[in-house]
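Take a look at the structures below.
In what follows, chain A forms one complex with chain B and a second complex with chain C.
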Partner chain A sequence: MELFDIFLLEAVINGLLLGGLLALLALGLNLIFGVIDVVWISYAELMMVGMYAIFWMYTEQGASLPLAFAFGIALVAILGAAMHQFIVRPVLSAEPINQLLVTGGVLFFLQAAATVAFGVEFRNIGIRLGGVSVADVNLSIARLIAFTVALAAIVATYLFLNRTYTGTAIRAISQDRAIMPLMGVNAGKVYLLTSAMGGALAGIAACLLVLQYDVHPAIGLSFGPITFLICVLGGLGNLVGGFIAAFIFAQFISVGGYIFKIEWGYVMAFGFFIVMMFIKPEGLFAKRR
Partner chain B sequence: MLELRNVGAGYGGFQALFDVSLSVKAGEAVAVIGPNGAGKTTLLRAISRLIDASSGDLSMEGQRYNDAPAHEVVALGIAQVPEGRRLFPRLTVEENLKMGAFTPAARVAYRDRLEFVYSLFPRMRERRAQLAGTMSGGEQQMCAIGRALMSQPKLLLLDEPSAGLAPVIVQSIFELVRRIRSEGYTVLIVEQNIQQVLKVVDRGYLLETGRIRASGSAQELFASEDLRKAYLGV
Partner chain C sequence: MTTKHLRILGLALLALLALAPLLGLGVYPMHLLIMAMLWGFIYTSWALMGRLGMVSLGHGAFLGIGAYTVVLLWNAEGLPPLAGSAIAVLVAASLALLIGYPCFRFKIVGHYFALVTLALAEVVRLVIVAMRDVTGGSLGVTPVPGLQSGATGSLWALQFSDRIVWFYVILVFWVLALYVWHRVDRSMSRLALQAISEDEDAAASIGIDVTRTKLKVAVLSAVMTCIGGVLYAQYQMYVNPETVSGIGVSLQIVFGVIAGGMFVMLGPTFGAVFLLALQETLRVLVGNQVHGLDLLIYGALLIFFIIYLPKGILGTILEKVTRTEPTTVAPASGNAGAGQVPAPRGRP
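Moving on to the complex of A and B:
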């Protein structure tokens, strides 16, 4: 290996780009957990539904791409709200294991439903954006877009949480939910809104992924477990921790995959996770209570 | 202003309040005193609708609100400073105050209210960017009172404002209550620190094992033989 390896640089940059996307998914999952205290095991399946929705609108209904994207985001946002209303709300005071099981049930329900509706074939919307070469480093345009849009969505969410009354209430509710009524806050409404926001973030991720990957009923499994582990590594419910952990994970996958073999990147990332669970079981950046 | 008639309340099968009747008139400061476990906090929780009244009537300015959801009570003009302050520890002082102005009516007046609270508690202006959980107990109590004042309440409920604070600070907390009174606020305060609280209120009720045992002006209660023997130890 040369001292300066252009392909290594490429791997680092690709890791960075992947990190942005994973950070977006982690933000949605963390936001919901931070506020409602329930992990949506089926979070990535919402994104899968969004990808199919975009595919269906664009390819089968002949809608324009922006319209298909808007449809996908709106649908997943509504799905997020429905997920809270009909699946999570009834088990809010149940044991955590039951909450996990019921959202896990939704994972397989959505997978099976997608198979019924679209079959197991890999589908794609037939758009290939190609690549650009910057100083001999080859970069995928779809990934650059994904990174930029993901970061913009993260910044927008951050501003919303910090600048608005509702956003402040979302942060407050995770610190002391029992006294929210004394502030005049209807906690149920905040839960619903947060779930819709989490859904919308998964919808945005769907738009970005549909430009890079084929859709199939199990695509959620390529992103769901890793998103969950990122959130745990960053400290469940800690938004900043999840953001940083996403980039750490992505570097393991990208650079590890380059140095050894692509599959090895994932082995190393998950191995790192297991070791970290022994060393810091509360996550790298535990949620301060 | 606030009127409770024969209110009973409790948790599950356990009844903590029996047949409580009390009233607070506009401009008054009223104390509910009594020993630990008398039901004082339960009483404020019932007034704020955090728990249901199992019997009796709650009314604010002549309007019965037994069935109002808890989050609509602030809009009726009732703000509570809960026991133990209950600030959001990882929000800044100013964000805590912002949460106190969450209702639509309060948002409109946010800037004015913030200025009012900062002028009442200049210390809070100095600390506005600090995380609330990192302040001293006395400062946190200031912030908690300020947060409740942000909604411009007609009635301020204070639950054990002196609890858990150092004796030196306790003095200054009652001084704060006096200042809030002088700003024209109507106050209902629940306290175990009977001697101190009777100095800053007009009237009081003695609550024991969930029932009102005595009521009267602060002087009357202070002079009452029973109370002196039972609680003041003199």
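Moving on to the complex of A and C:
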């Protein structure tokens, strides 16, 4: 094998494209953790619901694709808010492990709900965007779109958090949960809004994934564990750290999967995660305290 | 009712349980009893760590190592499962040391510990799936039958066609797990660990070797879970990566324990019985008509239990029962009223 291999380059680029998508998912989860201090184990399942919603609107209701996407994003945003209101809020003062587990219960619940509604078969919306060839490197258009849109959504979230009044309130709450309510910020409202935003980001991820993958009830499990490992690697609640960690993880999965087998790519990524936890337990880019 | 009465009641129930196979129970009730005790054994092993503030979401890793090591060595090399389980135990203990030492040394606790261990469970599942040439991948693997024609059991192959044998084997292990729980509960380690789970730095300042104390219990818990995996594989005669490793079973273990109550000795077992009863009832009632409906109700109930019964079913019941009567030893305030029940870790 020559040193500079065209397929290896392809794997690296695909890893980069995957990284954008993972960064989007990590951003949503990190946002929720940073503000509310609860890890949603079921975060990827919200995305799965979004994929089914888009599939249902587009293929079964005959809606146009943009309408189906809008519906999917709105539904997951509402679901995120509902998740906070009915599941997380009652356990906010409970043991951290109970908070973690209650969202684990939601994971089972949503998986089963998808199975009841749609069965265990793999479904797809029947759109194949094909690929382009740039200098002998084949790239999937769906992945290019996913990368671009994911980056745009990340930038938009960043601007929202830093340029608007509400965004400032969200950041303030994440810095000190106890003091901000005394300053007149309605913490409950901020939590609800953040959860809805996290949901909307999962909804956007759903739109991008539904163009690339078939949807099935267990698809959340292929993205969920990676997503929260990325967040931990970047330092839980650290948005920039999560962003960088997503690209590192994606390279392991893509290049490792290319050199060996796809599962070994994941094994290497997880192994790297465990090793890194020992070298920098607080995450690669931990928040300065 | 005092704790003494409870203990007598417990022993009577245990005697009754030991006699159960003599009543000529059918295959299905026997199977349920065996599964309840097997999961009770595994859940209790997990709770040894869990109740002392080390919440692992990765016990599926040790379960998977136990099940797969033994079955693969038997199938490929013809190594008898008793020898295989010794190797499996070594592997599980080494892995627990390898992961546990840095975790405890560098104070990885709470969310971080849960997520590191979760990564571990996923690594084991993915390795099993990836090595599909040897492990059969997602399809799972069946131990090669090792019974001579006419024989009902073989210790060499650790296979018994008679459920009564399995019943007593697993009963012994389950009682052993309760005994281990009791010993840990009475040991200095428990006090040390409880101190650690409250405040690591304060515990270290009074001379507790934090890393070493945590490691002892973690390795014990991992080894017992690994044995649980061996028993599961040999009893079921079939394993697949999803049922013995990965995030699904790891979460199920934690749920079971939380549902039953992790601060009382029989809590994890109660959780196992409860989860099994729930699964079976739902499967019989609705499972065949609508695929997934049983899991839907299951998930909803889990959420409900965690929100409204954070101490678990048995934990809550025992607290009520022991609190209504004045206890002679301790003032009936908070958890002290529950007698031998160690106080749950509260938030400062």
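One rule holds in what follows: the second predicted complex is superposed on the first by the 288 of 289 C-alpha atoms of A that agree within 3 Å, B and C clash if a C-alpha of one lies under 4 Å from a C-alpha of the other, contacts with A are read in each partner's own complex, and residues count from 1 in each chain.
Everything below uses one rule, namely that contacts are C-beta pairs under 8 Å (C-beta built on N, C-alpha and C of every residue); 3 or more make two chains touch, one makes a residue touch a chain.
Everything numeric here is computed off the predicted structure, so don't read it as measured data.
Q: Assess the superposed three-chain arrangement around chain A: do chain B and chain C clash, or do they fit?
A: fit
Q: Looking at the overlay, does A:250 come into contact with chain B only (first), chain C only (second), both, or neither?
A: Neither partner.
Q: In this superposed model, does chain C or chain B come into contact with more residues of chain A?
A: C
Q: Check whether A:184 is in contact with chain B, with chain C, with both or with neither, and answer first, second, both or neither.
A: A:184: touches chain B, not chain C.
Q: Applying the document's definition of touch, where does A:169 land relative to chain B and chain C: first, second, both, or neither?
A: first
Q: Where does A:277 make contact in the superposed view: on chain B (first), on chain C (second), on both, or on neither?
A: A:277 sits against chain C, while chain B stays out of touch.
Q: Of the two partner chains, chain B (first) and chain C (second), which one does A:47 touch, if any: first, second, both, or neither?
A: A:47: touches no partner chain.
Q: Applying the document's definition of touch, where does A:154 land relative to chain B and chain C: first, second, both, or neither?
A: Once the two structures are laid over each other on A, A:154 reaches no partner at all.
Q: Using the superposition on chain A described above, determine whether A:232 touches chain B (first), chain C (second), both, or neither.
A: A:232: touches chain C, not chain B.
Q: So after superposition, what is the minimum Cα distance from chain B to chain C, given in Å?
A: Minimum C-alpha separation, chain B to chain C: 15 Å.
Q: Quick one: which bits of chain B touch chain A in the complex? Just the residue numbers, please.
A: Against chain A, chain B makes touches at 48-50, 69-75, 79-80, 82, 86, 88-91, 95, 98-103, 106-107, 147, 151.
Q: State the interface residues of chain C toward chain A in the complex, per the touch definition above.
A: Of all residues in chain C, those touching chain A are 55, 99, 102-103, 106-108, 110-112, 114-116, 118-120, 122-123, 126-127, 129-130, 247-248, 251, 254-255, 258, 290-296, 298-300, 302-303, 306-307, 310, 345, 347.
Q: Mind pulling up the chain A residues that touch chain C in the complex?
A: 39, 41, 87, 90-91, 94-98, 100-102, 104-116, 119-120, 217, 221, 224-225, 228-229, 232, 236, 261, 263-264, 266-267, 270-271, 273-274, 277-278, 281
Q: If you look only at chain A, which of its residues touch chain B in the complex?
A: 165, 168-169, 171-172, 175-176, 178-187, 288
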